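Just so it is clear, A, B, C and D label the chains in written order, and each chain counts residues from 1 on its own.
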């Protein structure tokens, strides 16, 4: 079975703490995602996401605080705007936008974190490997997945 | 302190955490595999890294192998990051050279497959090594502390907190939105379980607060906004116009005598009336009149203007304007209290349509000597002394389906008190209490409940009332006694509902401004429910009283004192350490486009128009990194979380 | 205007006064009521337990027929039919298991096309897209109470009406309620719009005894009596309702209530549509007032109002 | 009155079946009794609605079988509407009636209708009562 590689960027205050709660609650889930802790989801630059795809990620996950709960006032709204824009760019680049997922997961939502990780892994598994590095860009600069 | 191309010497320490990690992850293998990883000088595993010998091992190795960075692969950084940073500091290592690889909460506890968990652990550790390679030594940014506190709320909690902070020698501003301090407690008749008069114990405290040289009282005022950070907040306070000069007012009451406008009296829960110009209650603090402009007939002579004419002290000023007052404070105590759940929500109990169905605070006013009936128990509809009174507990509480899921905690006790005080005043009356459970956890609480049943023969029926309606001049109560299995109908003269406590009006909006999170019920969320019960996650904000959830007076006062102690601990320091993981500007790369300025929620970044570069106020920068992600030139780089570090970490995770 | 209308079986037999007055009133509101082709009984009671799926077949079949006939809404006056149709429709929307099972069952159903008269089978799934409305909701949301008020031809202010909701229009709240179950106002608003004097009374949402009047007839006297008595004590001179079963318990059975409660000397009960039709100027003969056990005719002061009708017309 | 409380396999099976059929969990009930205070038929009942739920919680199926309450419920949902947990007690009664049918319990049949009522009853009443109480 195809085991997708998933790069996860989690904000320190909510989703990272939610992932810790999944641990303390001993909730089992698929190990495909590996977390990178950032202070706020708004630290994530589209180039980080592109870089992850380039380095072999089949999916990228970003976790932030619920709207209104951002530790830095409204960082999560900035993330939302960036991700929405980046998804349209992904389409233009020939990448399936489903390979990028943004989710609000609070420190109390260990269960939601686990469900999201399982779901996302399944989604990426169904989409199959990306292998971006092996793909050649077409003349228009578009990569056809 | 760039390492000038010098190769880093990194130590990796893999913790077994007993079997917590080692039971799943092959820790020896992880340590072994890391040995050859670029930058790693030393790698080992140990049974309990956080134990005394474990920490000693780290300390010794730093010295022995001249390590300039260490990775502890163990539990979540929220638990022991500080522990290992302190240990490293003892060995002379900068704490920002310590990284935690979370292989317990985010690996061994969630992935039982040994091989998969081990592979994942290796990748996690490698990514932290990559981060460490580029970590710089950072020194905390020192900031001064403004040793003045703001207390929001002038109820018993806020007053206590203010007194306790002021007594430690610090200045305090108390902001209260009503015309007088006193909160809900000043409306109570007597308090359980001692039955001492609420006003008698609270008014001295109110007076003490006004006389305290360190306390500045701002009533009829509201907090508009708070900016800044712990130790250095800027507060904007809106002072509503009272139209009466507090200092000139002689309390002669002539203005109220001539005022033609009559409106329901809030202090008496609308059971009596006041004038448009009024003093909320005789012991109000500050002792002054307030003109309620919304009810005023009009200040122009052709409309009315009678109060101004009659005021010899010339205290009335119709031109008074709303003022915005700015203050600087170092800490904030939030004591915004509670409200009673709206009776309108209980349609089955008549909503607010039946005059003789009262909520708990209304009945307090009827029992109170300073209330509308002077303490005589009379029902509102016709002034008759009610001979059969039904008390209903859990009105709106413990009802997740329709109202509030929580227990309002104080109702069992105050219902027992209500029934008891009613019997003290109407000896031949019947008091019937419908309850689901009687919860009397508290010093002398159960004894008090027993007094109600033993000495006053109050009938407690176990069951929740389903409906109240009016028939003639009686209130018909449909209840049940589940102990005998009978549906019970009672003809009552008056009904008292122990209405649920709920979040105070306007609290969610205010908390949004203060960045204090609230829970699903609107109660303020503490930083930790057990260990940090009076702190907010937002540093510099302390929480106390019923704003956190239902509680009685002693508990609220205890929290107030606890919050005051926390403020004192903060103010005992002359300087606070601000995290140095900020986002400075690499001036050579900065084009001065100003995109990052709009990204910053703290106003930490400004464009120097002359030099065409961004300047960063390092004290204001909280290090969220939103600007770094937005900077098109890569000139904004977060210290120890640079783009280059993230790229290396991503690579290690995906290819490691 | 043309709208689908599901009368239900009782309206064609025992409750013709509800049916006739509804048709009379709706004609005066220029609304053409269309009955879905080949409708059957809705089943009267919605199955409350998961295994009794067969109870969902008739209502869903009726709703699907409405959809096949390109109706987006179906209006009912009988409170029982309303509750069954609305709950069944909601189940099709919210419960995927029931949706699948009911649709599987109905896929092989045979139906005669209303226009081509061809036999059809293999239907597409019914997804709960038809909106089920009680006539009171229809009057409020589609006709508009303001508009309705402007069409009133008679003065009904002397009729002091106690609006009786009963159970089916209000509960279960999340599935059927046409208004807040404890403090509803839709019926009152309607009565105000047609010019009646509304009397508030605490028994407006208490049960009348329902179908127990068939299985245990003696038990339904008390609940029905309490409703009527409460309306009377609060100053009403008539109870208005929308359910043929409530009507049966509270009007048809009044002689038995009198036997048990000797002080009770009768109280008129009307369908809300009778008041509506009357307000809109309908002829008194069309209202079926002669069917009532407790004669409500004294309330319909024909002489006084006939002139008004002429003037207004 | 004395009872030896036993929650064994049979009792659990009964409780689980009621839960399955209603899609709810009877243990959510904390016995406030509001259903009974709301019930328009409480005066006729030998077991109040809250007691029916209690008996199910305790697995006492035998006590419920003979209770009049099962056929006194007119599904008016007054109990459910005011229940702080939103438990549908009418559905619980229906579930229990359903479970008793295979045991030969028939609560009502077409022959039970009183002849003088047969001609005056509205159609919906007959359908409803038959659907509710007949096998």
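One rule holds for everything that comes next: a contact is a pair of C-beta atoms (placed from the backbone, for glycine too) under 8 Å apart; a residue touches a chain by one contact, two chains touch by 3 or more.
Predicted model, so just to flag it, every value in this text is computed and none were measured.
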| item | value |
| --- | --- |
| Selected interface, B-D versus A-B, where C-beta contact pairs are more numerous | A-B |
| Rounded Å distance between chain A and chain B, as computed from the means of their C-alpha atoms | 33 |
| Inter-centroid spacing, chain D versus chain B (mean Cα positions, whole Å) | 46 |
| Whole-Å gap separating chain B and chain C, where each centre is the average of the chain's CA atoms | 51 |
| Distance from chain D to chain C - Cα centre to Cα centre, in angstrom | 27 |
| Multi-chain contact residues (two or more partners), chain D | 43, 78 |
| Touching two or more other chains - residue numbers and ranges from chain B | 348, 467 |
| Contacts with two or more other chains, residues of chain A listed in rising order | none |
| All touching chain pairs, where touch follows the definition stated at the start | A-B, B-C, B-D, C-D |
| Chain B residues within the chain D interface of the complex | 348, 394, 398-403, 436, 462-467, 478-482, 485-488 |
| Chain D residues touching chain B - in the complex, by the definition given at the top | 30-39, 42-43, 47-48, 50-51, 78, 82-86 |
| Sites on chain B touched by chain A in the complex | 76-78, 102, 104-107, 109-113, 116-117, 120, 123-124, 127, 512, 515, 517, 537, 581, 599, 601, 622-626, 628-630, 638, 641, 643, 646-647, 649-651, 653-655 |
| Residue ranges of chain A in contact with chain B within the complex | 5, 7, 13, 17, 19-20, 22-24, 26-29, 31, 34-40, 42-45, 47-48, 51-52, 55-57, 68-69, 71-75, 78, 82, 114 |
| Chain B residues touching chain C - in the complex, by the definition given at the top | 346-348, 351, 467, 469-471, 476 |
